[in-house]
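Take a look at the structures below.
Two complexes are shown next, each including chain A; its partner changes from chain B in the first to chain C in the second.
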Partner chain A sequence: MTKSNTDMLDPDDGASHELRNYAIGFGVSLLLTVGAFAALLSHLPTVWKVSAICIAALLQVMTHARNFLHLSLSGRQSREDLLLVMFSTILLAIMAGGTYFIMADLDGRMHDMRDTQDMEGMPAGG
Partner chain B sequence: MSDNTLYPGLNLGDSHGEAHVGAETTVFGFWVFVMSDLIIFGILFAAYASYLDPLGLAGAPGPKDLFDIRSVAIQTGLLLLGGTAYGGVSLSVKYNCSRARVLGWLAVCAALGAGFLFFEIKDFVSQAGEGGVPQASGWLSSYWALVGLHGVHVSSGIVWIIAMMGQIVWRGIDDAVKIRLSMLGVFWHFLDLVWIGIFSFVFLVPLA
Partner chain C sequence: MTRTTSPIFGRLDWSVTPYTDLLRKVDSNSLVGAGAATVLVLGAIVTIALITWKKWWGPLFKDWLTSPDAKKIGIMYIVLGLVMMARGIAEGFVMRTHQTTALGTLAEPEKGLVAPEHFSQLFSTHGTIMIFFVAMPLLIGLINFVLPQQLGARDMAFPVLNQVSLGLTAAGAGLVMISLLIGKFGTGGWTMYPPYTGITYSPGEGVDYWVWAILISGLGSTLTGMNFAVTIFKNRAPGMEFMRMPLFCWTSLCVAIMLIYAMPALTVSSAMLALDRYAGFRFFANDGGGNMMNYANIFWMFGHPEVYILILPAFGVFSEISSTFSGKKLYGYTSLVIASMSIAVISFTVWLHHFFTMGQSAGVNIAFGIATMIIAIPTGVKIYDWMATMWRGRVRLTTPIVYLTGFFLLFVIGGLSGIILANPSIDYQVHNTTFLVAHFHNVIIPGTLFGMLAGIHYWYPKAFGYRLDETWGRRTALLFVAGFMLTFLPLYVLGLMGLPRRSPTFQNPAFMPWMIVAEVGACLMLAALASLFWTFRTSFKNRTKLAVPGGDPWNGATLEWSTPAPVPEWTFPCIPEVTARDDWGETKRAGDPWRAPDTYSDIEMPANTLHGLLIAAASFGLGFAMVWHIWWLAIVSFLAIPGIMAVRGMREIEPKIIPASQVREEDRKFRERVASLTPVTRADEASERNQGVPDLSEFAG
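For the complex of A and B:
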């Protein structure tokens, strides 16, 4: 794949290599998707189900990025793309993760307040 | 450094000369757009997760009342197949296959995307019929915004595919068309990637 002379590049060789790349990407994605749905339908505890679904999703995103979008650390252009994607992901993690953290925290505090009010307002013996 | 180190797969390859070099900046610019799109989707994911509690549900129908897991599985399968089918387009262009072959793969992608949209719209209609309309609760607003935005993206992807098929027929596969097909590839695979997040976190996690 590093030959610079196009005449020496065997197109069939490259094509079959890249075809295999797509086939692996499809196979792995299919397995991870089926795994996620199977985890949902299983009788595992909820925490296990959620962790299995999250891990499967993360692995599948990585598979898509590598096999379909061709992001990698080697290769000048795909490296630049990957750095852009990773930077965007960090920004997103700060914004989306921060939003979720703040809202979940607020939600917890509001529940506490409501529960206290309910107890205070409850008639004796009720 | 040899230009062979450009995109290992979504690139065009040295034999495409000018188009190969031109693809570098143009496609990178398109990646920047796609990443801004990713931020929008990510923020909508955060809103969805925040509304997924009794306050956000506000007594309106919830995930267990509205979601049809079989339909979600069918949509996931169609979109995964559609994303993989774009590999056919990329490779046919890269290895100078016939125009008919590129058109055929594009048609497969568009058909699978349309199949996905069919099931998604069917779900939306039945959910609205069961009282799961966007204005019913904060959670439903975020659900419709996130999944609806993805649906709009897939629709525009299909319009783009049809436009590219027209360009291939009228102009042939010239340099500009090759670069546009590379960008369409990034877009189409990206939609598949966002759907992984949607089926996992929007549909499966709340049902777990």
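For the complex of A and C:
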């Protein structure tokens, strides 16, 4: 009961390493967040903006998982961690892919908003 | 509803209570509204007076509200769930009574007990309460109580986080409760679809009550899920391998996974709705670049796993009781484990079946329709496994078995009507009718409710040291079964006849006979609720006769039955070494299961703390302030939450140490007590002779 339940913190020799780990994670996350905003405010084409923000988001997820959640692919817990990462990826892929599948289909079946609004006497919205 | 916002009171003023409506106009509608508010106020006053009169404040505060003990937190969750269930069933009764009196005529198209707007509030609160504040607290409470004991752990992995989760759930429930007295609840149903719930069409406080209740309690549920998962992964007793865990632990693991991955979707959809309403975002406004259909998409991404979150703990309970009460090993353990995990994963792939009619093409619909039908396969496997467990066993018709039988008969009907609805072309015909209402009540009541009540009955002796009265328990179970059948089976017929759900009125006299049958059923449901509370009361009065100090009243096979009843705070005098599946059963078969451990050591338990209460108070303040636009209170409460956490983080917190001598003393007393009690055979299980020490020679399972 007295031992730490993270299997990571050892107050004698791990503290400074641990602190540095968090500091790096924080710095990288900050950079990626600022980068995403910079991409949004820049004059790049929209496709580039969206891809830059998506990539920054993915990298940030990885930073959080590695530096804050202590997931690693080597060491005592690697097997459990790998399972966890894979399971999460599958579920997120189902959710994101399913949303794209559904919303893109719905979008394709909607009236084009610009056409509808141009027509007089027609309510906006489809 | 006033439009001005005062800097101190926000939009609150004296016109927001239902009594204002009553003063304005006395009719059945305002009477029902004011009556409900009065019940709330009187209930609160009576409770406070009773606690003061009995001098229970001290023990309530010291032993319960500040306790981080998972068993007590579980019991508090269940009490919260039962209190909210009383309101939910009462609302259901009012709705049925309204519809029975709602046959409109040409001269007077709208009739009935309550006004249409009030009826909309009723079905919205009924749904919200029953899902989020009855079913969820009941199952989370039961898991909290049972899971650590079955795993051979002393407590959850994060006891204080557990307390915070309970606090957040209670704060959400408090917001829904207070909407009875102050202001109105939303009218958009429990799903609160925009654009109707956007600020344009629902300008008042109603939807905000829902949004904040859901955001706050949803966060609590997410944290609970993490707590369960970490407990199962990290806190199992030595030797408790995954494939040795009792099935209830397996279904708890599935619930934990689903809570972790599904609840955030709900938080996201409600937060987006809140941003639309408060900050003028256009997430769900079609003319502003948003898309209202995305709300349904995100909401049901949570909503479908949610229904399996509700049902899986019940499946766990039924696995335990079908084995225990037929004196046999659980049939098909591995297949049950695989089926549970399959359900957990497949439940994330079917969410579109909640909005087949939203306008997507047939190809999309059929993909999700097929996934929906596939999920019935693992569920079917489970039903067969339980029936095979009971096959040729010596089944004792105890209360949990009555619930299980009701579940077998009714849940299969509900599941089959679900398969019917999984076909998009049939769904187009019956969607938005009471056929659907009948379907989901038909899975949730015989599934979740019966499962939870069976579980409460089964583990009650472990919590309080005495059994629940069998006669009243069986009466309650039969009343719930009969009440359910009479209330909801007619709704299938009405739905096929064309009665839309949530309809405050109808003009077809042919509906009336079925309406009256359903009304009779609603009366039986009320009677069942009363009978449930009477079971608790009468059992408490007879607690000396029903006492089971031996701790194993049902001749069980899992670890939790090896401890005294009521179970001590530290659960196990020393953490058991597990050598087999159903370890306690194996020990019994080997003879002399109550052998004392060789050594005792000091036990560290988490110390009592105010943390959960403070966080609950702050989040309730935040929710209430945001609903009424009391900005100063919102800011204060919002800052208070990280403040409270920081204060706790900076303090050195000493655990509570229970000395080895005390543990040894209590354990010795328990073992002497067991040796002095007469073992009871299974035939005598329901009689006073059952003192919690079973006849070991009968243990075959």
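Definition applied: the second predicted complex is superposed on the first by the 88 of 126 C-alpha atoms of A that agree within 3 Å, B and C clash if a C-alpha of one lies under 4 Å from a C-alpha of the other, contacts with A are read in each partner's own complex, and residues count from 1 in each chain.
FYI, a contact is a pair of C-beta atoms (placed from the backbone, for glycine too) under 8 Å apart; a residue touches a chain by one contact, two chains touch by 3 or more.
Computed from a predicted structure; not experimentally measured.
By the document's definition of touching, of the two partners only chain B reaches A:64; chain C does not. Contacts of A:24 after superposition on the shared chain: neither chain B nor chain C is touched. In the superposition on chain A, A:109 makes contact with chain C only, while chain B stays out of contact range. By the touch criterion defined above, A:46 lies against chain B but remains apart from chain C after alignment on the C-alpha atoms of chain A. By the touch criterion defined above, A:80 lies against chain B and chain C together after alignment on the C-alpha atoms of chain A.
Touch criterion not met for A:38: it reaches neither chain B nor chain C. Between chain B and chain C, more residues of chain A are touched by B. In the superposed model, A:99 makes contact with both chain B and chain C. Comparing the two interfaces of chain A, the one with chain B and the one with chain C have residues 1-2, 80, 88, 91, 95, 99, 103, 107 in common. Of all residues in chain C, those touching chain A in their complex are 154, 157, 233-234, 257, 261, 265, 286-287, 291, 293-294, 297-298, 301, 345, 348-349, 351-352, 358-361, 363-364, 367, 603-604, 655. Interface residues of chain A, counted against chain C in their complex, comprise 1-2, 5, 80, 87-88, 90-91, 94-95, 98-99, 101-103, 105-107, 109, 113, 117, 124-126. On chain B, the positions that touch chain A within their shared complex are 1-11, 13-15, 24, 27-28, 31-32, 35, 38-39, 42-43, 45-47, 49-50, 53, 55, 69, 73, 76-77, 80, 83-84, 86-87, 91, 94-96, 186, 189-190, 192-193, 196-197, 199-201, 204-205, 207-208. The touching residues of chain A, when paired with chain B in their complex, are 1-4, 6, 9, 11, 14-15, 18-19, 21-22, 25-26, 29-30, 33, 36-37, 39-40, 46, 49-50, 53-54, 56-57, 60-61, 64-65, 68-70, 72, 74-78, 80-81, 84-85, 88-89, 91-92, 95-97, 99-100, 103-104, 107, 110.
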